[in-house]
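Order as written gives the chain letters A, B and C; numbering starts at 1 within each chain.
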Amino acid sequence: MVIDLAGLSVTRRKRPVLHGVTLSIGKGEFVGLIGPNGAGKSSLMEAMLGLIPFTGRSSLAQMTPADRARHAAYLPQAREIAWPVSVEDLVALGRIPWPGGRRSGADRAAIDAAIARMGLEPFRKRTALRLSGGEQNRALIARALAQDTPLLIADEPIAGLDPAQQLACLRLFRDLAVEGRTVLASIHDLGLAARFCSRLVLLSGGHVLADGPAAEVLQDTLLRRAFGIGVRRVETPDGPAILPV
Amino acid sequence: MRGCVRRSSTMLAAAVAIAAALPVVAAPQRVVSMNLCSDQLAMMLAAPGQLLSVSSLAQDPRLSPMADEAAAYVPNSGRAEEIYLMRPDLVIAGTYTPPATLSMLRRLGIRVETPPPAEDFDAIRTEITRMGRLLGREEGARDLLARFDADLAAATRPADRGRAALYSANGYTSGTKTLAGAILEAAGYDNIAADYGIAVTAGLPLELLVMARPDRLVTGTNWPGQSRSEAILSHPALAAAAPVKTRVRDLFWTCGTPLVTRAIRSLE
Amino acid sequence: MKALFIALSLLVAVLFATSLLTGPAGLPVVQSLLDLVFGGDGPVPIVMREIRLPRAILGLAVGAGLGLTGAALQGYLRNPLAEPGLLGISGMAAFGAVLAIQTGLSLVAVLALPLAALLGAAAGVGLLVVLAGPRGGSVTLILAGVAISALAGAGTALVLNLSPNPYAANEIIFWLMGSLADRSMLHVWLALPPMILGAGLILSTQRALDALTLGEAAAQALGLAGPSLRWRLVAGTALIVGPATAVAGAIGFVGLVVPHVLRPWIGARPSVLLPASALGGAALLLAADIGVRLIVPDRDLKLGVLTAIVGAPLFLHLIWRTRSGGRV
């Protein structure tokens, strides 16, 4: 198992946020984490990485911080770039957990591969802060790819992107899973989640409400319980489209 | 209310005018001194009961060579209100007394004298005579002057004892036209301040002092509670600069009074 | 980038030598340098070794320390307005130093002076990190700095005014503006060892500061932004700013100006900015200290006057940029 959680609970400011979440994710899966705002998606990601205090068990948090950083790359919801560094330097930050300090051949190869994969070659020497939002997002994903970990955890990676960028991003994650890596991403667009993810986890009120293939999770009753709305499922040649109603 | 004030100030002005017009016939009987240096001369010359009050500094043994004598007088802290309430007929202040205080006392009709600080031995003679005249004690002043001249002649050494530097907090030195400079000269030393054309009290960078290669360094004793200003006096370069180092600049060096002969002797 | 480091090192070397050769005595260049190295008789070796050498060493060390801590604080708080002088860390160090001096502790044990200043600086930077945290914005940071500075300044003024020493009250200006005049080798030995230790701690945060470019959560996930980072940063800053302030007073703006000027030259990477800012800070303070000796040779013009003249307009400019929502 790449991620193994058992009875994971989080309490923030005396308010319970997660209640006994048990979840196992294996190699090659692209798991979409869905649920309404405040369901605890971000807290679940931070807790499983051991970034916030929790009770229960998380296989990731049991590792030393250095080992964990070579096992899991994390893309937080806030896409922060604090200083006007170049795209290349930004991507190179992903090599921090690895010995060699971006000088070794492995480091160079990982950085070049990540830049090439995200189509950032023309922007390589440009200042990351001067790029558009979508380009910055790609640079940050390239940073996570350069970390060269078997697991990628991304918090709302497609929020704020245009439709083409959203598709490109999810396609990349699906490809990564096909290559044998594992991806866990929180996604608000249920239709895109259903189309690209190999498995969905529906979180609501700090509980796992459903866990399985899209068809099982995206049931009217479950969605009504989680979001308080109904959906209309329209089958198209490109997969199901899901319209909230 | 306003009329009342106006009337009293009119009366006051009249009184002042009359007092000014009359010749000074009698010596002042209620004298208040509010300056450390005039305190000392006044205590040396005043008749019993003539001097009411001296400045509180005069009672501080760290500042005043006559602290014991001063304990017999009422101390004042130099505020117009407390001095007015003593009903003095003569106030002796210094040139550094705040002008607001002086003009307030003068407005209240009190005679205020501000003798200048004495920066050399001739000035000390002048001040002894002036104080005698102010207090109506000319005879006592003549005696004191004679004793001072004798003391001074006995304490003065020929000018062949080498070069000396005066150095105090914040890197200040005293030139030839200061009391400390005069004391140094009387003790037989050449003042290195003259090398740099310093006649008054002025800052002298430490390295210039070292470069002047004095034979003797004269500094003061430190005050209680440390200060960065005085830290320069313990600088290692200063210790290496002169073969002889004396910390004798103290209360006898502050005021131009006959007691400066003690300062000259401290350099023996 | 290598060229920049070579240029900065050369600049520091030239300014260090100029500092040794600047003084009211106007000594001959060759002779004074020979006497500095080989000693000899007469007053020149004393002037060179006891007066000018400690001044130049302290200018180098204090400047480097302020540049380094400025860059480190900016990296940690991810805010270009952070700086030990402006945020009151130097002020708290000065307060600690003044307390040690006026209670007489520094007479009992000579190490009490840098130690008290160090504790003051630690209290200042600790308070700041708690108040403005790594998540705090510019407004929180500046307001926290204003509050800490005001508190430290008031404490310093109170203690100095209560002193029985008549000179103490006039020394507020030294503690607020800083000066290197008439320092001795004793001050060098008091300040240098803790400052070197602090520099070691600060330089150990290089990778973590780089990671913080991505934000706190990402840096934490990279295994680098734990409590140990905060501890090293607080301790390192206190170890540098405390002793530096104890011997030279609070000197503002060095840690603000230097990282800002150098950032574009080194590609904005916080890890590279640390050594670059140390060199730049040393150059700036050595230049300022040469400046105060040339502008008014016979008076002790405070260093903070010159650094503020350079730094305050830049600070206003940065606030303007922050206000209009632009990235700095």
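The definition used in the following text is that a residue touches a chain if its C-beta (ideal position, glycine included) is under 8 Å from a C-beta of that chain, and two chains touch if they have at least 3 such contacts.
To keep track of the chains, here are their UniProt names: A = ABC transporter ATP-binding protein; B = ABC transporter substrate-binding protein; C = Iron ABC transporter permease.
Since we're looking at a predicted model, the values are computed, not measured.
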item: Greatest separation from subunit A - chain, by CA centre; value: B
item: Central subunit by CA centre of mass proxy; value: C
item: Separation of subunit A from subunit B, taking each centre as the mean of its C-alpha atoms, in whole Å; value: 84
item: Distance from subunit C (Iron ABC transporter permease) to subunit A - Cα centre to Cα centre, in angstrom; value: 43
item: For subunit A, residues that touch 2 or more chains besides their own; value: none
item: Two or more partner chains touched - positions in subunit B; value: none
item: Where subunit C (Iron ABC transporter permease) touches two or more other chains at once, by residue number; value: none
item: Touching residues (chain side subunit B, partner subunit C (Iron ABC transporter permease)) in the complex; value: 169-171, 202-203, 205-208, 210-213, 223-232, 235-237, 240-241
item: Touch list for subunit A against partner subunit C (Iron ABC transporter permease), complex; value: 46, 49, 51, 64-66, 68-69, 72-76, 78, 80-86, 89-90, 93, 96-97, 127, 129, 140, 143, 147
item: List of subunit C (Iron ABC transporter permease) residues in touch with subunit A within their complex; value: 78, 207, 210-215, 217-218, 220-224, 226, 263-264, 267-270, 327
item: Subunit B-touching residues of subunit C (Iron ABC transporter permease), taken from the complex the two chains share; value: 23-25, 42-44, 46-47, 50-52, 101-102, 104, 106-107, 163-168, 170-171, 174, 182, 184-186, 297-300
